[in-house]
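Note that chain A is present in both complexes that follow, paired respectively with chain B and with chain C.
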Partner chain A sequence: MSSSLDQRKPPLPGPRTSSKPGPADSPPPRRSARRLRDRLAGAGFLAPAVLLVSTLLLLPFATTVYRSFFDDRRVSGFAGLDNYALFLNDPVLTRSIQNTLMWVVGTVVLPLLLGLAIAVLTHGGGWSRAARLVVVLPYALSGSAVAVVWNFVLTTDGAANQALRAFGMDAFAQGWLLEWPGNTLVMILANTWQSAGVAVILFLVGLQTIPPETLEAASLDGASGWRRFWFVVLPQLRTVSVIVVGISLVNGLKSFDLIWVLTQGGPGRESETLAVSMYQETFLALHPGAGAAVAVVLTTIVLFTSWLYLRRQLTPKGN
Partner chain B sequence: MRSNGGATQWSSHPLGRRSVLAGIGAGGAAALAGCARGDSTAVKPGTTSLANDNATWDQGYVAAGRELKKLTGYALRPLSNPNPTSYKQVTQISLQTTKATDMIKWASGYLLKSLARTGELSDLSSLWADYERRGWVTSQAREAMSYRGSVYGMPLYESYYVLFYNTALFRKHGLRAPGTWEELLHNAEVLKKADIVPFVATQSGNWPAYEWFQELVSKVDPQFYAELISGKAHYTDPQAKQALQIWQDFMRKGWMTPADFDQNNGPAALKAGQVGMFLHGSWQSQGIAATGMKPGVDFDAFVMPPVESSTRRSVITESGVLAVPRKAVSHEAAMANAANWLDPKVQKVWTDFLQDASANPRSRPGNPVMAGLKDRAQRERWTLLPRYGESGPPNLIQGNTDDLGSFMTGSSSAEGTLRSMAGRAAEEWAAWERDEA
Partner chain C sequence: MPTIPGTPRRAPRTRPTPGRILRNTTLVVISLVWALPTWLLLVNAMVPAADYGGAPHWWPQGFGLFDNMSQAWTKADLGPSMGNSLLYAVTSAAAAIVVATTAAFATVIMPVKHKTLWFWLIYSGTLLPLQVFLRPLFLAYADTGLYDAQFGLFLVYVAIAIPFAYFIMRNFALTLAPEIIEAARMDGASWWRVFWQIHVPLSRSAMVAAFVFQFVAVWNDLLFGITLSTSKNIRPVMAALAELQGNYSNVGPPVVLGGALLVSLPTVVLFFSAQRFFVSSLKLHG
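For the complex of A and B:
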């Protein structure tokens, strides 16, 4: 930034006493003034971004951390780590952590496997374009819209049970959204239906960047089918897989909209994830302190997991 | 040199960096100014703004406002936020600003008390005294509108919890509105045999989970219900156990809709004869009438009879509230409208729109179903009990409603549910008392 600024500046006017260097090594006053001006200009360009991030992200986060140390009585007092202790002794939050873990595993594994499978199967071949479009389409829908659609399917009087009954499988008809852990599992499946699309796109891009020479060389060496996929294609999709897992990981940790529309975390707060608990505690149970503690824990987990994962998986060159 | 040339090109470009930045700055400033202005609550002569969470009632407010204007000179200007959760938050925050709406719709009971104790509502005690002198309110209704002895809200309406039924369906199966508990059970048995789900019951949307709880507990023992909601009786007492046993028995017999039944589909299901009896607030009349059924002709309603015939008859009531924020922009106008809201002329227009009953006992509902029930309640001196949703500290109600949702899906037993509710009640009542002290 500063170098390009330097380059753009016209040469300073006035004669130069180049024959005699200045006393000692200190830069001439004009140059230091210029450097200061450069720095100020740099700071000026950075300021809007810094200001925005500070006011919209860092400041609220600091306030949330501060609030989490205070109790939820009418006149709030300092409560130390009491709000964090709820994670140990409140069954609702324990269940919420269990659900969040299920969501993370489900939203990482399913889109990864399905996305890869669909991308590999539909890569090349004319008819596959239509199939690919069908898979990718749900990704264009909003989470709430997807939830409304699945609500028609999953309620006790909904399409899933009607279809089961039509085929004489009455025994399998059940309240899909009413019992734990079944309700969490079907919601993870609904989420996969939507989010597999982005994994497919990313894997397709990955497949297209594989140099055909490597595949040709593999064929010449006699590798085909599964062996060629496992030893030649898959290793070259590593970067894409890292991105897919990274995105899914964060999505799994912060899943909210689908759950909110389908069950509102119920019945009896059994299907809540940490993101839903944060909302429930703060806005419905009117426990802003407890809600802040959930928010802090959730943010810490998301940041830590993302950092740990990306640090291990992505080298500076991105390979 | 290249970059110098680049810089020259940049500066000669019609959209230079500076103009882009200036544009963004100007746009941002304009947007901020727009946000800050927020003129929806500003003074508009001849009107008072009314914040509420139900846009479908706007026409009713406007019609009632026309009547109010004849009396006070101020019409009503409804400002709706159709999402109740968001409405709650926005209202609580806006009460602290200088741009508070002139009137707000709120819930009665402890939700009103919670808001009143922030000190942001106007004391309406003198207006209430006037109403009482004219016989336009009952003294029974005062408690749900007050906090520490002062009144902070005017009842918006007075709904009863009733069981709606399709008259043609009842006729077809030789049934009539039950006068006793045995008749109610008989109706359910007949309907079930005809492959009709006898009762609507759901926890979908969370709060409906307490509808059957309040109904059954109050029909087992109305006195006990009154003590339970004031924290004097326990959830583990025999009356509460009996109520949950009845409920469980109904569910086991397949007499209730699945716990994720969407109540919005209730009116259509009633019309189609898929469900027999729909337990809900009488305001649902409007929704059922919207399906083309005529009140008193195609559908009717009854209040659930007590479990023992010797038990006194009671009905669960619900009143929304009109309150006046302390910092209302047109405070005087809002107080004038609050002082005339229960005038029978205003109530006539309002309840005709709502198809529900007024809190003014002198105002006869236009809906024949409600008029009949109201007459009977007054004649037979039924005990009026407040709805569970407003009858305790909000955190207690929220948590216990979640527990009842678990009970409805079978994931917690009757005993376990009541134990959990009792534990929370002890905790939350203590917290409420501590905060009050």
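For the complex of A and C:
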């Protein structure tokens, strides 16, 4: 399956190299001159991308890694792993780790289940297209705009509390964004509201690649409804599921805008995730060493999770 | 609970079985829940700011949408920042696409050595979280006069956009038939000519898709906006929106929501006009 999804696969680097007519066979002098020119032209085509990425992304990355081993005193000295030890004894950072784990679980499970359910339910077309549109629409908003909308809903005199009071459930009305862990949970929900759309789109693409013959065969064998979904459709969505999990996971880990605009990580730095903690430590608390360590830890987690799902994709029987 | 609006008409055999009713009900409930925040956004962005009594509205009342938007535009300086973001998004996305396409051309079609190395070097940029670049960039920008300058933001947005654009363009280039390029090379066309006259026209659809992706990413960026700029006439639009949200109680919810709606319009329009195109470009190859 998955002609289309192959596009999202981490490309197996350089499968073309071998299929090129090998320039290795007996180069006469004219051809080797040409080869040199080709080489130079290739370097020219590559240079802009390589230079921009190295100076503006990779060099800063290396600097951050280096900086994370130095402390935050007036005259900064080598500190070994002291900045990393903060994760064990600084309550703000341990809370941040907890929140990040909650975000990871929430941003994987919710978009996966909801995205799958909505894609399957709206796959038929007809009026369900409208339902799909409603779910996909928030995906077109920015994190900041989503935060503005949800602040309106969740603020103390906001829409959520008003609705609860209107239905006589005053006891449930609360400062949604003011208390941990509630504030983290509602922000995960807000994030799901925005990001489930991309899961829906991916699952729909996946559903379209399922050969109809398999469904017909299942029907002939008497499998229908739930059983057909469970035994025939779902196994064929495995590749897409892995992609959805990977994308949601990385987006959840990187999520900054929503938290920043809604709570700035507060109150009392209780709702920070690692992405927010890095900003707080570096630019507001002026602990660049600690901030760098947070950034490095975040990077490690993101790289590790990306590797998990990229690796799945790279196995020959990835689908 | 609303009843199921009209059973699908095309197939006479679809009679409302319990399963179908359950399925449709679930769908209606999910879409109502999902639509609620959007509905509240639209309704309250339309309430005239002066009439807003402090409690959220659930039904439209009056029409002050354009007033609210123009208040957000002028008082909260959304206007200049939207201009900036438009500039950043268009120029940096376009530059990144060109750079990424040349790199993809080099690593797929030209006889370049160490293709895997170059691939990972460029692609690694999308795997790293943005936080890891912030402080070194901030310091370097402060030293070189790029801090709080339009060119500085342009530059960083280009760099950020290249890796993923490269990923898209490279995957696309892998699907192109090598024969055309080889034939052109046989005829003695230079790489430069082959690139502009053959490769770029062939890759146009993928370039447009990558452009849309990167335009949206730059338009929606908040992190670099608040880190690398501070003046009202330099900063991008999401930084301005975040500040407007910070003045929530002063300007009133209708203006803030109107502002959020206003800054979202470009990406929403782009997203939905390109949606068909996206899906087809996802399905196109293979």
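In this section, the second predicted complex is superposed on the first by the 282 of 319 C-alpha atoms of A that agree within 3 Å, B and C clash if a C-alpha of one lies under 4 Å from a C-alpha of the other, contacts with A are read in each partner's own complex, and residues count from 1 in each chain.
Simple rule for what comes next: a contact is a pair of C-beta atoms (placed from the backbone, for glycine too) under 8 Å apart; a residue touches a chain by one contact, two chains touch by 3 or more.
The shown structure was predicted, so the numbers you read here are calculated from the model rather than taken from an experiment.
Colleague: With the two structures laid over each other on chain A, which partner does A:275 touch: chain B (first), chain C (second), both, or neither?
Modeller: second
Colleague: Could you tell me if A:58 is touching chain B, chain C, both of them or neither one (first, second, both, neither)?
Modeller: Second partner only, chain C.
Colleague: So in the superposed three-chain picture, is A:177 touching just chain B, just chain C, both, or none of them (first/second/both/neither)?
Modeller: first
Colleague: Taking the superposition on A as described, I'd like to know which of chain B and chain C A:157 touches: first, second, both or neither.
Modeller: After superposing on A, A:157 lies in contact with both chain B and chain C.
Colleague: Output check: A:50 vs chain B and chain C. Expected answer is one of first, second, both, neither. What do you get?
Modeller: second
Colleague: What's your read, chain B or chain C touching more residues of chain A?
Modeller: Ranking chain B and chain C by residues of chain A touched puts C first.
Colleague: Applying the touch criterion given at the start, work out whether A:219 contacts chain B, chain C, both or neither, answering first, second, both or neither.
Modeller: Touch status of A:219: no partner.
Colleague: Once the shared chain is lined up, is A:283 touching chain B (first), chain C (second), both, or neither of them?
Modeller: Both partners, chain B and chain C.
Colleague: Taking the superposition as given, does A:143 touch the first partner, chain B, the second, chain C, both, or neither?
Modeller: Touch status of A:143: second partner only.
Colleague: Quick one: is A:267 in contact with chain B, with chain C, with both, or with neither? Answer first, second, both or neither.
Modeller: The first partner, chain B, only.
Colleague: Between chain B and chain C, which residues of chain A are contacted by each of them?
Modeller: 4, 7, 10, 155, 157, 283
Colleague: Which chain B residues qualify as touching chain A in the complex?
Modeller: My answer: residues 3-4, 6-7, 85, 88-89, 117, 203, 205-206, 209, 258-262, 394-395, 398-399, 402-403, 405-412, 431, 434-435.
Colleague: Per the contact definition, I'd like the list of chain C residues that touch chain A in the complex.
Modeller: Residues 5-6, 8, 10, 19, 23, 26-28, 30-31, 34-35, 37-38, 40-41, 44, 54-56, 58, 99-100, 102-103, 105-108, 110-113, 115-116, 118-125, 127-138, 140, 155-156, 158-160, 162-163, 166-167, 170-171, 174, 178, 190-192, 195, 216, 219-220, 222-223, 227, 238, 241-242, 245, 248, 253, 256-257, 259-261, 263-264, 267-268, 270-272, 279, 282-286 of chain C touch chain A in their complex.
Colleague: What part of chain A is in contact with chain B in the complex they form?
Modeller: Counting only chain A, the residues touching chain B are 4, 7-8, 10, 73-75, 155-157, 175, 177-180, 264, 266-270, 283-287.
Colleague: Mind listing the chain A positions that touch chain C in their complex?
Modeller: So the residues of chain A touching chain C come out as 3-4, 6-7, 10-11, 13-17, 20, 23, 35, 38-39, 41-43, 45-46, 48-50, 52-61, 63-64, 67, 114, 117-118, 121-122, 124, 126-128, 130-131, 134-135, 137-145, 147-153, 155, 157-159, 162, 193, 201, 205, 208, 225, 253-254, 256-257, 260-261, 275, 278-279, 282-283, 288, 291-292, 294-296, 298-299, 302-303, 306.
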